[in-house]
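Shared chain: chain A. Partners: chain B in the first complex, chain C in the second.
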Partner chain A sequence: MTFFADFCIPFIVGEIILFTAIAIKYIMWLKGLPKSDKKLILKGAFSPRFFTATWEVIRESLLHHRIFKVNPLLGYMHMSLAFGWFLLISVGWIETIAYLGLKMIPLHGHVFFKYFIPLNEITAHKPMFDFVMDFLLLFVLSGVTLAWIKRMRSRAMGMKKTTQHISFDRIALTALWFVFPVRLLCESVTSAIYGGGSFLTGGIGTLLAAGINTEILHAIYEPLWWLYSCALGIFFVAMPFSRYMHIFTEIPLIFLRHFHLRPEAKEKSYDNFEVEACSRCGICIDPCQLQMQLGINDVQSVYFLRDRRKNRLQQKIANNCLMCGRCEQICPVGINLNTLRLNSRTSMRNIPNESRYKYLKNLDRSSGEGRVGYFAGCMTLLTPNTLSAMQRIFDAAREDVWWADKNGGVCCGRPLKLSGESDSAQKMIDYNKSLFYKHNITILVTSCPICLRIFNEEYKLDGIEVLHHSEYILRLIEQGRLHVNYSTEHTFTYHDPCELGRGSGIYNEPRAVIEAIGTLLEPSHSRKNALCCGSSLANTAINDSQQLTIARNVAEDLDNTGAETIVTACPLCKKAIARGATHQVKDLSEIVAANIL
Partner chain B sequence: MINFGFTINKPRTIDLNRNNLNKSNEVIREMPELQTCIGCGSCTASCTAGNLTDFNFRKVHTLVRRGEYQGAYEEMNKCMLCGKCRLVCPRGINTRGVVMLIKRKLGDF
Partner chain C sequence: MKHVIVIGGGVAGMQCAAELAMQDIKVTLLEKKSDTGGKVRGWHKLFPTFTPADEVLSGLRHKMALTQNITTKTGCEATTITPQKVTLSTGESINCDAVVVATGYTLFDAHIKEEYGYGIYDNVITSADLEEMFNKDDVRMKDGSTPRRIAILHCVGSRDEKVCQRHCSKVCCVTGVKQAIELKQMYPAADVFNFYMDIRMFGPGYEEMYREAQQKYNVHFVRGRISEVSPNIDNRLQIKAEDTLTGRPLKMGVDMLVLLIGMKSNDHNASLKADCGLQCQNSGFMQPKDSFLHNTESNIEGIFYAGAITAPKNVAEALNDGATAALRVKDWLNKQ
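== the complex of A and B ==
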C-alpha cells in the first residue's frame, strides 16, 4: 500500500510548514534564554518536577481543569476540542497499528486511513474501533457546536464579551470549524459507498445511500476528501501565526514554569512562551473593570498580549491598565499578565544611565529611635488620620518607633516601576534600603500596600521583617499588647486593596482585626474577587471622571452591605472610595485607634 | 559701569509670538484637561519631590505650555511619580500623565 493520493498534498504542505515554523520558534526562544534560565531547565528536567509538570500538562492542556472551575460550559467546550481531538488522533493511531501492525506509515496515512482502507474491511476486522471513533467524533463535534454558539451568542456560554479576532485568527478558526463536520461527511459518504461505520458515520451513510444516487455519491467522494485535506492544511499553516500556537506553547510553558522560570522586570526570551501561550479565550475580558464600568474594549490582557506578540504594542494600550490583577487571577493558562505588562512598559519608557535623583544623597529626615520602623509612604502622608491613628496605636502598645518619613520622605519607588521607569525606581530602592539599615530596625511597618509590595518583592531586606499595619496590629492584639473594645453594635465592611489582597496575599489579617472590634459584613466582591478602587497608580491613561465612575461602582457594592463603616487598609483606596460612598470610609488603623481600651 | 546702587533685570516677559509652541500644542492636544488648570498650586504644595528640592510642578508645566522648554525636562525628572498631586488636584487633572507626557515630548524617548 502506498498511502498517497493527490488530495493529500494540502495536508502534507500544511504539516511541513507547521512543524518547520514550530521548530524555528522553539529553537529561537530556547537559544535566547539567559544562562541562568538554561541551568534551571537542566536542573529541573532531571528532578521530580518533571513528573508534576507532566501531570499538569494532562490536567490543563487536555482536560482544561482551570477553565472548568471558571465556567463549566466553557470548560467542556475546550476539553471536547482538545481532549477529544487528542483521543481521535491516538485511537486512530492504535487503529492503524491494530490493522496493519507496527509499520512506518506517513502521518497522512493515519489521518486519511479510512480513504486508503475502505470502511467495511476495517469494520470486519475490528468493529469496536468504529464505535469508539464515531463516539469521539461526536464528542468533538459537540465542542464545535458550542464554539459556534459562543461566537454568535457569547452570553449563552456565560461570557458577556468574547474576543474580537484579527483576520489570521479568523482564517484558522474557520478552518478548524470545517475540519470536523467535513470529516463526518467524508466518512459518512465513504460508508454510504463501501459500507461499514458505526452509529454516526454508518447511520448517516445508510441514510445517504438510501436517499442519494450512487453516481452522485461517487462524484462527491474525492472532492470531499480534498475539502477535508484543505481544511486541515489551512489550519496547519495558520496555526503557528495565529492564536492556535498556544496548543504547542502551553506545554513547554508548563514545564518551564515547573522548572522555576519566571518573567522578570525586564523583557527576556522566556516571555515568548508566556505571550504565545495565550489562547485568546477572552476569559480576562469580563472581569476587567475598564470594560465593565467604562466600556474600554481594546486594552485587556488578551489584546495586550496579541499586540505585544505582533510587535505593534502602543503606549496607550500598555498604560491603560489598573494592574488590579483580576484577569491574572482568573487566566486559565496562568500567564503572569502584570509582570509582562510591566516589562513591556519598561522596554518602552526606561532610560538607563541617567543622573536622576541626585538630590537623594545624604538625605535623612527620619525621626525617633526604635527597633520598629514605620514607613508611612506618600499616600499615608496625604491621609493624616491614618498617620495619627498609627501614632496612637504605637503609644498604646508602648512601642519605640523610628519614623522614616513623617517629615517628608522619599517615595518607595513602586509608582516609578509601575510606569516603566524601573532603573529610576532602583535609585529609590537603594536610598530607602540604606536608610533602613542605617537606623538598625528589625521590623518595618507600613500602612501603604503599594509600598509593602515593593518592600517584599524588590527590596530584599535581609534581617528586617516587613509587615503591613494590619499584620502588625493583629500581632499586637494577639500578644496582648493592645486591647480593643468589642461591640456587636459596630458593623463594618471591608474592601480588599488590590496590592494587599491579590498583590501580597493578605486577606485574613485585616478581617481578624475588624472582627476583634465589631461585626464584619462581606461585600459581594471580596477577597480574590475584590474590585479595584479605580485610582490605581498603574493607570496613567484614564481621566478623573472615569476613575470616579469605577470608585462609585465599588462604593455602591460596599454601601449595599448596610454596614455603618466601610473599612479599607490602603490610603489610596480610602481616598478613592470616599468619593463615591454614602457611608463613612475609614482606614483599619483609625477604627482600631478609636476603640483602644 | 557706574554703580548707581541698583541694577535693571533682564525682562522676564514671555513672548508667545516668538516662542516655538509646537511641543506645547502637542502636549495640550494629548492632554487637553491641562488647560483647565487654575494654577492653585495644590500639586506643588503636596509634592514629595517638592518637599525635598525646589521642584515646582505648577511652574514647570506652566512654562512648558508657554513654550519655555529650557531645563523643563531636567526639572520634570525630579518627580517621583508618587501621585499625590493627582489626588489633591481640584480639577482632577491626570497630573502623572502630564509628567510622563512632558518627559516624553521633551526628552529623547
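== the complex of A and C ==
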C-alpha cells in the first residue's frame, strides 16, 4: 500500500511549514529564557508538578473547563472543536491500527484513511469505528455551527461583542470552517460510491447514491479530496501566524506556569508563551468598562496582545486601560494581562530622570514612635477625613504609631510603575523601604490599596507585616482592643476597590468590619466581579468626563442598593464615586471612627 | 389686569417684580426661604464700591412697596411651570399669564473638595462664612484669637473638572480682592495671601480695586492653586501649593483659610428640563433663547429668565436682568 495521491501535496506542504514554524518558535523562546527560568523548568520537569500540569492541559486545552464556567455555550463550542478534533485524530489512529496493524503510516495516511482504504478494499469491516468516527464528526460539526453563529450573531452565544479579526486570522478561520463540512462531503461521497460509513456519512452517502448520477459522483470525488487537503493545508500554513497558534502555545504555557515561571516587570522571553497563548476568543471584551460605558473598542486585552505579538503596539493602546483586572479575572487561558501590559509600558517609556530624585537623600518627615507604622499615601492626604479617622482609631486602641508621611512623604511608587516608569518607581521603593527599616516597625498599615499592592508585590519587607487598614481594624475588633457600636439602623453598601479586591485578594475583611457596625447590602457587581470606579491611576488616556461617565455608572449600581452610606476602602475610589453618587460616600475608617464605643 | 408669577425672591426676582408692578401688572413673587433677598441677604458689602448689601435690598423692598400689585408668598417652592400655571410643592397651583424664573444658583459645597479640609479643620471657612462673620463683626479664629496670616483660595468649585464645574463663576476673583481688603482694614498687621489661577477683573472699578489691594493694602497674590491642607504641629493650617510664576512648590503655615466657593447651577434645573421642557446648558445653568437679543427669554414662549439662573452674574447684572425680563414680559403680554 502506498499512501500517496497528488491531492495530498497541499496537506504535506502545510504540515511541513506548520511543524517547522512551531519548532523555530519554541526553540527561540526557550533559548531566550533567562538562566533562572531555565533552572525552574529543569526542576519542575522532574517533580509532581509535571503531572498536575498534564491534568490541567487535559482540562483546559481539550475540555476548556474555564470557558464552561464563564459561558457554557461558548465552552461547548471550544470543547467540541478541540476535544472533538483530538478524538477524531486519536480514534482515527486506532482505526488504522485496527485495520492495518502497527506499522509506519505517514500522517496524511491517517487523515485521508477513507480515501486510501475504501470499504471495498477491506476484508473484515469494523462498523463500530464508522459509527464512532461519524459521531465524533457530528460533535465537531456542532461546534463549527456554533462558531458560525457566534461570528454572525454573537449575542446568541451570550457575548455582546466578539473579536474583530485581522486578515491572517480570517484566512485561518475560513479554512477551519471549511475543513469539517468538506470532510463530511468527502466521506459521504466515498460512502456513496464504495459503501460503508455510519448514520452520518453513510446516511448522506445513501441519499447521494440514490439522487445523483454515479458518473457525477466519480467526477467530483477527486476534487473534493483536493478541497479537503487544501483547506487543511491553508489552515496549517496560517496557523503559526494567526490566533490558532494558541492551540500549540497553551500546552507549554501550562507546563511552564506549573514550573513557576511568571511574567515580570520587564519584558522577557517567557512572555511570548503568554502572548501567543491568547486564542482571541474575545471573552475579555464584554467585561471591559471602557467598552461598556465609553464605547472604546480597540484597546481590550485581546487587541493589546495581538498588537504586541505583531510588534505594532502603540502607546495609546497600551495606556488606555484601567488595569482593573476584570478581564484578567475572566480570561480562560489565565494570561497575566496586567503584568504584560505593564511591562509593555515599561519598554515603551522607562526613561528614569536621575536628577529628579536628588531630594530623596537624607529626607525624613516622619513623626511619632511605635512598632506600628502608618503610611497614609498621597490620596489619603487628599482625603483628610480618612486620616483623622485613622488617628481616632489608633487613639481608641491605644496604639503607639509611627506616622510615615503625615507631614508629607514620598510616593509609594505604584503610580510611576503603572505608567511604565519602573526604574523611577524603584527609587521610591528603595527610599521608603529604608525609612521603614530605620524606624524599626513590625507592622505597616496603609489605608490606600494602591500603596498596599506595591508594598506587597515589590517592597519585599522582611520582618514587617503589611496590612491594609481594613485588615488592621478587623484585627483590633477581634482582639477586643476596639469596640464599635452595632445598630441595625445603619445600612451600608460596599464598593470593592480593584487594587484591594482583585489586586490583593481582600474581600472579606472590609465586609466583616462593616457588619460589625450595621447591615451590609451588596451591589449587583461585587467581589471578583466588582466594577472599577473609573479614576484608576493606570489609565492616562481617558479624560475626566469619561472617568465621570464610568463613576456615575458605578455609583448608580451602589445607589440602587438603597443603603444610606456607600463605603469603600480606597481614597481614590471614594473621590471618584462621590462625584456620581446621590448617597454619602465614606471610607471604611470613617464609619468605624464614627461608631467607636 | 394681567398676572405674572416671578419665581425666586433674590435681587433679580425682586427687581423684576417691582418693574412689572409699576406697569400695572399683578405679580405674585414666590420665595422658598422665609424672606426675600436671596444670597445678597447673607452678604456684608458689595464690590467694588463696598456698598452695604442691606442698602441694595432695602432699596428694592422700597421699590416693591410703591404699588399694591405685588403679593409675596414666602416658604413656597414651585415644582412644575407652564406659561399659564405654576404648581407649588404644597400641591396648590396658581394661574397666570406669564412666568419669570429667577431662582438663581447654589453655592458650591466646599466639603466636596475634601483636600481643603472644610468641615474637618477648624479655621477653614468659605467666602460665605466670612461674610457672615463680617456681618456679625466677629472675624476670629475658632479659639477666639486674632488671625495673623490668612490665605484666600480662588476657584473652589469653579474651573475644576474634578468636581464637574468647568465654568468660571466670575464674581469670586473680585470677591477675593474685596474680602482681602476688608480683612486688612480689620487687621492691618495680618498677612493676607490670595492664591489664584488668573485674576479676572472684568467689571468697572475692579482692576483699580485689585491694584489698590496690592499697593495700598499690601495684599499678596500668588499664582497657583493650593493642592492640600493639613494641620501642622502648632495646630495651624499647613497649605501646599505651587507658585507657578517661579515654578517652585511652596508650603506655608496659615491661621485661616478662606475658600472662594463658586456658583453651581441649581439641582432643580434638571427637573425644569425634564418636567417643564426648558433647555439646560452643559454647565446645568438654563439656556436662554439666545445670548444677545433674547437673553431673558426661555425656549418656551411665556416663560422668562432673570438673574443667575442662566449663568453666574454679579448683583448689578442680576438687577439689569430683572428689569429687562420685565420689559420682555410686558411686550409679550401686549402681543397676546
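As a convention for this text, the second predicted complex is superposed on the first by the 586 of 597 C-alpha atoms of A that agree within 3 Å, B and C clash if a C-alpha of one lies under 4 Å from a C-alpha of the other, contacts with A are read in each partner's own complex, and residues count from 1 in each chain.
As a convention for this text, a residue touches a chain if its C-beta (ideal position, glycine included) is under 8 Å from a C-beta of that chain, and two chains touch if they have at least 3 such contacts.
As the structure is a prediction and not an experimental result, all values here were calculated from the model.
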item	value
Combined model on chain A: chain C and chain B, fit or clash	clash
Which of chain B and chain C A:14 touches, first, second, both or neither	neither
Contact breadth on chain A, by residue count: chain C or chain B	B
Which superposed partner A:357 touches (first chain B, second chain C, both, neither)	first
Which of chain B and chain C A:428 touches, first, second, both or neither	first
Which of chain B and chain C A:408 touches, first, second, both or neither	both
Partner chain in contact with A:384 - chain B first, chain C second, else both or neither	second
First, second, both or neither for A:332, with chain B first and chain C second	neither
Touching partner for A:578 - first (chain B), second (chain C), both, neither	second
Superposition clash, chain C against chain B - the stretch among 23-31, 113-121, 221-229 or 293-301 that is involved	221-229
Interface residues of chain A shared between complexes with chain B and chain C	381-382, 408, 544-545, 548, 575
Chain B - residues contacting chain A, complex	33, 46, 48-49, 51-53, 77-78, 80-84, 87-89, 91-94, 96-97, 100, 104, 107-109
Of chain A, residues touching chain B in the complex	348-349, 351, 354, 356-357, 359-360, 363, 378-379, 381-382, 408-411, 413, 415-416, 419, 421, 428, 535, 537, 540-545, 548, 572, 575
Touching residues (chain side chain C, partner chain A) in the complex	112, 114-115, 117, 120-121, 161-164, 227-230, 232, 238, 240, 251
List of chain A residues in touch with chain C within their complex	381-385, 387-388, 406-408, 544-545, 548, 575, 578-579
